[in-house]
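Naming follows writing order (A, B and C), and every chain is counted from residue 1.
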Amino acid sequence: MSSVPVARASRGGRPPSLVTRRRVRGIAGLVIGVGGFLLVWTLLSALIFGPFTLPPPSRIGSVMWEIVRSGQFIHHFVPTILRLAYGFGLALLIGFPVGYLMGTSRWWRAFFHDMTIVAGSIPGITYAVLALVVFGIKILGPILSVGLVSMPYVAINVAEGLDSVDHRLVQMSDAYGRRRASIVRNVLIPSVAPFAFAGVRLSFALAWKVEQLTEVFGSSSGVGFQIRHEFEDFSIPGMLAWVLLFVIFMILVERFVLAKLERYLFRWRLEDRP
Amino acid sequence: MATLRVEHLNKTFPAIERGSDATTAIDDLSFEIGGHVFVSVVGPSGCGKSTLLNIVSGIETATHGSVSVSEDGSPARLGYVFQEPRLLPWRTVMQNMLYVLEGEDVPDRARDYLRMVGLDDAGGKFPAQLSGGMQQRVGIARAFAVEPDLLLMDEPFSHLDAITARSLREQLQGIWTEAKKTVLFVTHDIAEAVQLSNRVLILAPGGRLFADLPIELPYPRKASDTEVAMAQAELLRRFEEMQEETDAARATDVAS
Amino acid sequence: MSQATTVAPASPIAGVGRLLRSPLTARIASYLFLLVAWQLLSLYEDRFPPPADVFGFLWIEVTGGSHGGIVRGEFLEHFAATLPRFTLGIAISMVLGIVSGVVIGGSKIAEALLKDTLLMLVALPAIIWAFLTQMWLGLGDTAVVITTFLSAFPFVAVNVVQGIQAVPRDLRRMSGAFHVSSYRRVRHLLLPAVTGYLFAGFRFAVIIGWNAVLLGEWFSSSEGVGYQARYWYDANRYKGFVAWVILFIGFIVLIDRVALVPLQRRAFRWRDTQVKQAQRRVEGIDVAVTGA
């Protein structure tokens, strides 16, 4: 009789947990998805366009590897990422006070209304070419275009966040005699934070494209500059390699850094009641 | 333990739209409570019970009259338990406790009061991870932890299911007996008022004091005790009296 | 606004105060602020033309100047070159976007294989298509149309996929349980669910396509709005350049606010009231000022 549990254990022990199964399925999905992408590309390259017009993935892959290996990657990514970071810093620095005004005063909301609403439909090329004229080929151009693109999203979301503040929590704090600074820190900021973060995530997808476009139009370093450079050299593989490196990098940042950070910062929203 | 003195209190809310009348929530209300007492304020909804608590706690201001809470001449400390838990969802239970506490030995004090409501191991959890009853218990622990001179409770069990509410009522009696606080408790549930308090104020519609009744029964009380049931019946009788009186007054109003 | 008109001011001073505090004043103040900021910018950076120069130039571009009175501005000529390219690019991206959206949204296998490709296409910046089409096709209409199509198409497809997947599963099961015919299922279940997303996709396509058509014309055309902006830029005539930038911003903002946003809001009106209320709160000032 003692052989029964042994036999059961040898058949694979406990069934895999839900988390493991989900993770396995996620990885399998990614493999199939990336495989599908490469397959479509290879087919297009071989059957329709030909290897000169659309180089196959293997060719682009080797160019990408060369870019990474030679240190070019670091050399041009660092300035691009730094400009992005400065631009976002600027957007937060101005977007927060503007959002605060919009969220707390009807007059200021009306004042900024048209600017923030219109900002969503302005084509990205506008920021790139205006930065070119106003600031020439200087480091300031890309930073300002990132800031200008992201600011309205941050402001609108901060205003929405202020609208969502639960006044009953403010009342509770008053009843317990909390000071204003303490209420701001413990009630207002945590209420607004998820909205502000959503605004940042929303604008991030747009901002890096506009930044890179600004670099294409006028910059002497950065990924956009390299794309322009390869274009002027008539090098399709070089151009695609730079673009793909950048796009993959940004998708990774969005999916892993920003999504993980959001999940950590707002873990209190997870409802796993006993 | 503090003394709460309410004198000729009046609260009138201005008309919301033009043409409608201003509403009187509290009308010429006077009473005084102090010492280790548990005073319930009962009345139909809309008779200004919550407004009374809000004025006492300073969230709202009175139109006329005065409210004073004093602790041997010095300003008194207040605790407040709301209808909903009103915990900060982004802070853990422990951080929620610390948010309202000041002074030394604060973490120890928070832990003591969490233990008192039976939640000593929930300190690291977020409110969303607790059941509604547990959240309300944190709210109660928070109110007691500030070691208030006067504890205000605004229908704290009305949003909970009957079974959880019943067990919390029994727990609350124990906590109050042990902690020796002055409690002002607002409810529309007569059975609850009788079970918990040793003095009941009945407010009539319009915020007028209709009756002030002592309930002299030993603690702990159960809702099923015969004496509690009899006191309840007595209170209900007074309530009906009030109802008839109001109806009669309304009838003469209409007639004139 | 409505308050300011219905409530008679008690005294002239109170009336002025109320007028200053009204949202309309705030709006006017915001435009004045932008003008002043622009003027100051042009003083600080002499490459950047002051508003008066730009608007003067705009007037000539649009009306053809004061002489003759006959409309012969560059404005019409170049918009006439751009709009067919833009329309064609959007039309192709709508057709192919809907087809591929239905395929990916309707089949598990197609979704597994192609969804990441689609997301990759969404992430690709339009400038790449502008460069690639120029290298593939040289200067001309085709390159611009294809740039527009390739940039806008993935956004349509993604929205259609989302729309199809947003049909709640329990509703699908309910329809199965009641033996609802497939015509009715498409008519009452699938279409209402997808329409809103389709409009959202259309709006994205128009906004993104407009950016793409401008980029395409900047790099591979010899006429059109995007080319005209570049022409003045290369000629170092910045007031012409800024005037054309204003024209192409004005065009898309007008289309978006007058046509697309109301359409999309209408198509989504069945969605949960909370979203709608939030939207109304954001848009509340519109209503207050126009009195609608």
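The criterion applied here is as follows: a contact is a pair of C-beta atoms (placed from the backbone, for glycine too) under 8 Å apart; a residue touches a chain by one contact, two chains touch by 3 or more.
Just so it is clear, the structure is predicted and the values come from calculations on it, not from any experiment.
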| item | value |
| --- | --- |
| Chain of greatest Cα-centre distance to subunit C | B |
| Innermost chain, where centres are averages of C-alpha coordinates | A |
| Centroid spacing, where centroids are CA-atom means, of subunit A and subunit B in whole angstrom | 49 |
| Interchain centroid distance [CA atoms averaged], subunit A/subunit C, Å | 21 |
| Centre-of-Cα separation between subunit C and subunit B, whole angstrom | 56 |
| Sites on subunit C touched by subunit A in the complex | 21, 23-27, 29-31, 33-34, 41, 45, 47-48, 112-117, 119-120, 123-128, 131-132, 135-136, 207, 210-211, 214-215, 218, 226, 229, 233, 238, 241-242, 245, 248-249, 252-253, 256-257, 278, 281-282, 285-286, 288-289 |
| Subunit A-touching residues of subunit B, taken from the complex the two chains share | 57-59, 78-80, 82, 84, 86, 88-91, 99-100, 126-131, 146, 152 |
| In the complex with subunit C, residue positions of subunit A that touch it | 29-30, 32-37, 39-40, 53, 106-115, 117-118, 120-126, 129-130, 132-136, 156, 160, 163, 205, 209, 212-213, 216, 224, 227, 231, 234, 236, 239-240, 243, 247, 250-251 |
| Residue ranges of subunit A touching subunit B (in the complex, touch as defined) | 168-169, 171-178, 182, 186-187, 190, 266-274 |
